[in-house]
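As written, the chain order gives the labels A, B, C and D, with residue 1 at the start of each chain.
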């Protein structure tokens, strides 16, 4: 039984705390959040208790960090120094330099760090990756990742998010690395403000396309939009020498209506809470099992850093209009 | 080059005449129809000429009959006695006794007769049948045929049509025999008037289900409706010991729209002229090639009779509410 | 909090006991099973305890019966006389007379009885029914229910099962009543032994088709097979005056492979444990909420009786080859 | 009746000559090809005659050019100077300078020139474009074009083809311009040799991705491969403010096989002859109707130039690794 303290009782903290509470191999040691009512409500809902931030780093075997991004690196370091295993939501930090520093601290402490790139644990993407690795399509040549949110977050959130590439596309960049099985060496990004001018005024973009090329010549395209009327659009298409694998969206039911307008199936599941509900559980399970077995889980801190470096490059490429050679 | 005279310049005659005119192995010898303007228009459109009914039985190698049902048997007999090969639209006649008489005349004359069950020549159903015969699903066990018209014909037509089973379901009964590869020995029909009370007042039904059972125990269900808002619905599902084969509807394009209402693909092609355009050509081609090669084409006159016998039994079963044992 | 005692620690008892244990509105009072190791294992897995059969009727608010069919009616009666609410797996009994007797006892006791027709709670079928009731396809005219098991149960089970119609198709007959919203007045069944001769030797069939007709003329076809190579095949197609609604199978993932053989998506979920996992939870929730609210849940004991009467009629029709007029 | 002389009796010339011969509004004036047997065979097959190259520019109202690329510009100029309407296969020339010169000659002559970008006439893409123009998805934001050949052409062909971007992707670049309804102002290409090293040795690539950005910020991605095991892969996905439109591949039939491996539908149609058979007819019809009506058909010579300019830029971008700002 791994005891886990949860930091953060917001949207993402609630998901993780509930999954910890339900997991047969873990106990929820307590929840901390500067907003006391949130912590209390979540503690009540999970049969757990409210703890102080200091306690979060002392009373359990592991710390799960679901607090705001700006706190991640500090909390990881505190937990690592206390010898705790850490699961941290992405990103570790918006500054690659700070991430490197943080990872050095974790390495020095010799503790475990896993970063929450939940999409690797989606059954659809995971199965696609497994079949790819099994050779079902020969060697991978082209990868197309489609990732569109149903609607944009508030501009206030966007202002501190690090921008679309670091906040939203970072997931796709990690997924690209995961599926490509190789590091990109060339990157190009193009981006626009098409959804809401206020996003542009806040210095960000809402529509973007990125191209990645690996050393062996594999090519990957990612397209992002902050809006999609038909649900949360999350798809992967992998084209190889012997075939193609696609992982599509999920729907609430298989019901289809036919009439003069045609045959209509359901929109995609609304957003990440629905689409990745099972992925969050699988992700947590991977963390718990790895810690229990003394194995290093992935995505690792280094995966977190590499995705951020790509997101930084994409941000720069979109601004300058120039392709970037990654070392 | 097979010269073919076409009798009938109505909707179905026009299809056949055009296909004869385009066929590289045939010449259109002429068109006859009691309604002179129709004959003239069709002759003009096909670069052919108007001929008399008598000429239709004398000037060509073969006769293609697309006139009203009540004339079929007589014309077949005239053509057979004149030594002509005959392609006749279904049904040969609404009376099984008359059909038997007519087939005897054809047999005595030793000429060729093919009946126009066009669905056997649909690429989808034909491919399903070929894969079934190739053993792709092992031995056939269950067959489900869905056949729904976009809307009912005029009541005036229904009054002389012989009823839904002889006019509409006869196609499905032939298709069932074709796919089952075995004769039904048991039949049950249930029918209702749900589309238009005027159809009921005319003594017919507009919604029907039939069950067939063969000697070896294969089971088949057919469902018919005189209305379908989403196009002409023509599907076959064959379930066997090793798998299932389905043949679905066709659409005009593959375009799909996604929005908050879901993912919408196009309705099925509107009606038989669209869905079976290629089937009519393939059917004619089979006739022409068979005559040229001196082979007997199928569906034969006997196939026409057997489908009618099933339609008669279905009509009776639906009226009496009793299942019927076929000899 | 509704306390529930579970009778039966076999496959179905395990599903229900776990769902009771997880349900926030219920407590699992204990588990009884004549096979002690099964009861103990399930009690351990659910954090519950083993109880005697007598205790099952005394220590809780409600009794959940998942024991063999032959015990259902007796246990329902014992529970009803003890004033307990009862959830019982289908069927109540294989004898309609015994079911009527049992229902009379329940009525006299004035207690609650819900029967486990789980398919009504499948999200796909439930959503189809909701849209039908909302008028999305106008008035229902044709209903086609496809229900095929991946493989047959052991012959030993078949011998005491009451036969395919009472054991397997009874689910579809209930679903037909549920969706039709009207009682069938005419029934015809055709059945064969195509999967395994040993099933025939045991006096049963393994492949069957049933037609139902309601007083208003709605028509329904059900097709059953004891084998399907591509998973557990559970589909409904409802055709109405204004459109068609279909509910299809579910797959484990949305992954699709394309190569020279074509585009291949996954087989249907393997069997009822997978397909109806969520339905079992929803079903139990309905029971718990109804008891808590003092409402009578459906499917009721009467629904259980009516489905059995249809299954009896189908059994007779398939044997005699005659359609049956239901009173 | 428009009389048309066809230059070229190779693969593409045969398609066009047959379509001219079948078209009710045109007559096939003759066929010329330096390879006499080809010209004779095609003349025989179409009921036409062999003519000299000089005659091709004199005996008909219009000239259809399906000869090798190196001859296109010269033949267009000869035909224009002779006052003939011209339909020319893409590309006009591999040199943008030569194309500009040629277009100036056509402009001076005041004659009609249409370039054979057949995909605009595909029913699927055409319908997608029509629905986009009708506002079905609001304003276009993201466009993804997938275009993969079943296999590479011979290396000998590749050596004179101008390279993947000018030979293959030029079709997608034209389609992008057609659907975007706006000129790209920024372009980036990444390309690899993954299919066959011999292609790389010939100085070309076989796998490529291009990103386009328009002045208003619309983004487009194109992905190309010289191989696809599952047929000729030709798809468009257009994402807009109010929804998404997709146009997919076509299959020979709708037949689907289900077994333990899953549900398998057919591969895409094999190659352009099958997929674009109807598009070639529609394209020709547009030319004939435009000439008859005195209208300028599109795609115009200018469309041919603009697509080539994009292909040139893509070729350079892929070589240098730099994004290109288009004037």
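Structural remarks
The rule is short, and it goes like this: a residue touches a chain if its C-beta (ideal position, glycine included) is under 8 Å from a C-beta of that chain, and two chains touch if they have at least 3 such contacts.
Because the structure is predicted, anything quoted here is derived from the model rather than measured.
In this assembly, the chain whose C-alpha centre lies farthest from chain C is D. Over half of the residue numbers at the chain A-chain B interface are used by both copies of the sequence.
The interface holding more C-beta pairs in contact, when A-D is weighed against C-D, is A-D.
Chain A and chain D, compared by their mean Cα positions, are separated by 41 Å. With each centre defined as the average position of its C-alpha atoms, the distance from chain C to chain D rounds to 58 Å. In chain D, 229-230, 242-244, 258-259 are the positions where the chain touches two or more neighbouring chains simultaneously. Note for the complex: chain D touches chain A at residues 139, 141-142, 144, 146, 148, 186, 188, 190-195, 207-209, 211, 213, 217-219, 221, 223, 225, 227-230, 233, 239, 241-244, 321-323, 325. Interface residues of chain C facing chain D in the complex, by the touch rule stated above, are 229-230, 251, 258-267.
Across the interface of their complex, chain B is touched by residues 123-124, 127-128, 131, 136-137, 242-250, 252-259 of chain D.
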